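Given below, in the form of structure tokens, are the structures.
The two complexes that follow have chain A in common; it is paired with chain B in the first and with chain C in the second.
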Partner chain A sequence: MLGQIAYAFPFLLPGLWTTLEVSAITVAISTIVGALLGVGLVYGPAPLRWVVRAFSDIVRGIPILVLLFFVYYGLPITGLNLQPFAAAVLGLIVFKVAQVIENVRGAIGSIPRGQTDAAKAIGLPFPERLAYVIAPQALRRFLPPWLNGVTDAVKGSALISLLGVGDLMFGIQKVVGRTYEPLALYGFGAFLYFVINYALSLASRALERRFSYIRE
Partner chain B sequence: MPIGPPLLQIQNVQKSYGATQVLRGVDLRVAKGEVVTVIGPSGGGKTTLLRCVNFLESYDNGSIMIDGQEVGYRDVAARKRRSERDLARMRAETGMVFQLFNLFPHLSAAENIMLGLTKVRKLSRREARDKALHWLGRVGLTDKADRLPSELSGGQQQRVGIARAVAMEPKILLLDEITSALDPELVGEVLDVVLSLAAEGMTMLVVTHEIGFARDASHRIVFMAGGAVGADAPPREIFAADQPNERLRGFLGRFTAAHRL
Partner chain C sequence: MGYHLNFALIWRHFDKLWSGLILSLELAVVSIGIGCVIGLALAVAYVSGNRLVRGLIAAYVEVIRNVPLLLLVYLVFYGLPTVVDIAYSNTTSFVVTLSAYAGAYLVEVFRSGLDAVPRGLIDAGRSIGLTPGQRLLYVRLPTMLRIALPALSNTFVSLFKDTSVASVIAVPELTYGAQWINFNTFRIMEVYLVVTGLYLVTGYAILIGLRLLERRYAIGR
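So, the complex of A and B:
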């Protein structure tokens, strides 16, 4: 069994790299977009809040696979024809943005009202209140769940093999197709996903511990 | 007692939360250098009134002027609110100290004071730090400058809260039951700071349950109940045996009985 894994590993490396790449792009873009929309959800004018709230609720109610197929097979009807890689990344980003929006909302919501009152009382306008009072505190509550949520992007990315993107999952299936050793290879694939996500979970827990003693 | 045009002039202020009217036409004036305390039963609208004075709450009717400028509205008749920047500029002229301190937990004592000085008053970090240390000295906390709020006692935190407010050199200081959340043995150290500020002529509007403090420190006491001002007089008259306001007499009677004043 070890022999089969040693044989397969070099074939899996490009796919592993693609999985990491797709996850990283997804997380980077969705974090920026999700943070902006999350702030809009908390502080924005009512129409913006409704739109963001609706987007987040709808997306979180749809399986990732449906999102991916919608982007890859659905959007071309509107004239937007995306390559598998781009469609895969876009679908995962949409999924992940909704998650980040909720991470941001939760983080800001956990900060007591009195913090905003005190910041207003010393004469800080909104952007400064956000930058110097709310954001530094919210960041501590945002990071652990956010990092934990990165695992969802990594796990979700396995579905992009269904669009023909050559990720880790795709590589595993190709090797299984040649060697007919599904148990060893899917087991090894699961192990690789687990290692990545377990490292992320550990980092998330470490962050949580690090921030937990900074209390009011 | 100081005289002069009112620094703070509250006229017929009304405010409702939904269907409940919390302020029913409040009138109140505070002259420059004056210390006015507001007492009254809980739920009477004291906190709401104070929060209206620096527009942490909007008011539905009436007018609040500080130094001749309407606080929250650029057009009172049309109820047009000031812009965010404009509101911030107005709020910088009013200091507020809160019942639950509301210190910024991620900043040290000195940094709590420096934030407004650097971002609003535009002092350099160095000037701001000097000023913060000066005020920490005034409240007896020089050695705690670099401590986080979580490392300070309640009384110490509240003294930082006062220093943060006065370092901005506001025209008026608003104090909302600033000793209510403290253990009894820590109340004195905070009230001493307030007394020393009063002695220097700081204009203050103070909501308090410390009736003894109100009696000894204020030029005028305002009794607020049911969202309206029931009495507004110097302490001597408020505590007079023939005080005509029955509700106030009852309130003081219960209070003195409970606190053995």
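So, the complex of A and C:
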């Protein structure tokens, strides 16, 4: 069993790299877009709020797999021909943006109303209220669940192997197809995913403890 | 854009989607049922067990929660039969996987619910002479269920969505039906629009039903 794993490991490295790359791109872009839309959901004018709310509720209501198939098979019809890699990343970003929007909404919502009132009372206009009063406090509530949500991006990225993207899952499938050692390889794959995600979960918990002194 | 939406072929094959949706719901209900039994048993074992028991349960939870469901599905369907001499169908294999997966998430929900039962209630149970077993059965578990209800609803809906992964081992549920129509008719946009709608309507119907239950029974932490 260990021999099988030692044999397979070099073949899995490019896939492992792709998984990390896809996850990193997904998280980076969706954090920026999600943060903007999240602020829009909380402070924006009514039509913007409705659009963001609808987007988030729809995306969170369908399985990631269906979302990925929709983007991968559906988009070329609209004239947008994406490579599997781009389609996969786009699908994951859409899924992750909805999650970040909810993280942001929750974080801002947890800041007591009195903070906004106090900032208004000392005459801060909206951008400064957000930048100097709300954001620094909300950031501490945002980071732990956000970091925990990064594991969802890594786990969700395993599904992109079904679109033919050469990620870790795809690499495992290829080696299994050649050696027919499914248990050893899937077990080892589970171990690799576990190491990545458990590290993220631990970091998330550490952050939560670090920020737990903040009480309302 | 030279593509014209044409839903006729979708309706002709709608039985594939309908039976798929029913199977998705069945998979979800059975796996959630088994997962709840696992989750409740392990949560009770966790709060009353020693360090070894706690360590083992925590390991189970962490491993399942940090590995993609797709990988677990492959592991159970392709990997396990090479060492365990049992033949099982793809549907059984998926139910086993999703139940174990659901169990890990539900342990956490039930455990944090048990932690949130007010100390005073348990002391009150002790003071009227309930044995530890009776306190668990009549005080802690009923209160825990009411506290955990909102988190339970979210987990249930999320598990219903996770049944889509069964399509990779050819369990003919909703996503599998969608792919069948996709590959056989090429009415791609239409089929995914309809399937998205089906997932949304079903998922939110479940959620609204559970939210009504919450309004009746849920209590704040």
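Points worth noting:
By our rule, the second predicted complex is superposed on the first by the 213 of 216 C-alpha atoms of A that agree within 3 Å, B and C clash if a C-alpha of one lies under 4 Å from a C-alpha of the other, contacts with A are read in each partner's own complex, and residues count from 1 in each chain.
The working rule: contacts are C-beta pairs under 8 Å (C-beta built on N, C-alpha and C of every residue); 3 or more make two chains touch, one makes a residue touch a chain.
Being a predicted model, the structure only gives us computed values, none of them experimental.
In the superposition on chain A, A:Gln115 contacts chain B only, with no contact to chain C.
Legend: residue contacts after superposition of the two complexes on their common chain; A:Phe194 is shown touching chain C, with no touch to chain B. Looking at the shared chain after the overlay, A:Leu37 reaches neither chain B nor chain C. When both complexes are overlaid on chain A, the residue A:Val165 reaches neither chain B nor chain C. In the superposition on chain A, contact of A:Ile62 is made with chain C only, not with chain B. In the superposed model, A:Tyr73 lies in contact with chain C only, and not with chain B. By the touch criterion defined above, A:Val22 reaches neither chain B nor chain C. Applying the stated contact rule after C-alpha superposition, one finds that A:Pro182 touches chain C and leaves chain B untouched. Measured by the number of chain A residues touched, the leading partner among chain B and chain C is C. By the touch criterion defined above, A:Gly156 reaches chain C but does not reach chain B.
Against chain A, the residues of chain C that register as touching in their complex are 1, 3, 62-63, 65-72, 74-75, 78-80, 82-83, 161-165, 167-168, 175, 178-179, 182, 188-189, 192, 195-196, 199-200, 203-204. Residues 112, 114-115, 117-126, 128, 132-133, 136-137, 140, 214-216 of chain A are the ones touching chain B in the complex. By the touch rule above, chain B contacts chain A in their complex via residues 51, 54, 56, 84-85, 87-89, 91-96, 98, 100, 102-106, 115-116, 119-120, 148-150, 164-165, 168.
For chain A in complex with chain C, the residues that touch the partner chain are 58, 61-66, 69-70, 73-74, 77-79, 151, 154-159, 161-162, 169, 172-173, 176, 182-183, 186-187, 189-190, 193-194, 197-198, 201.
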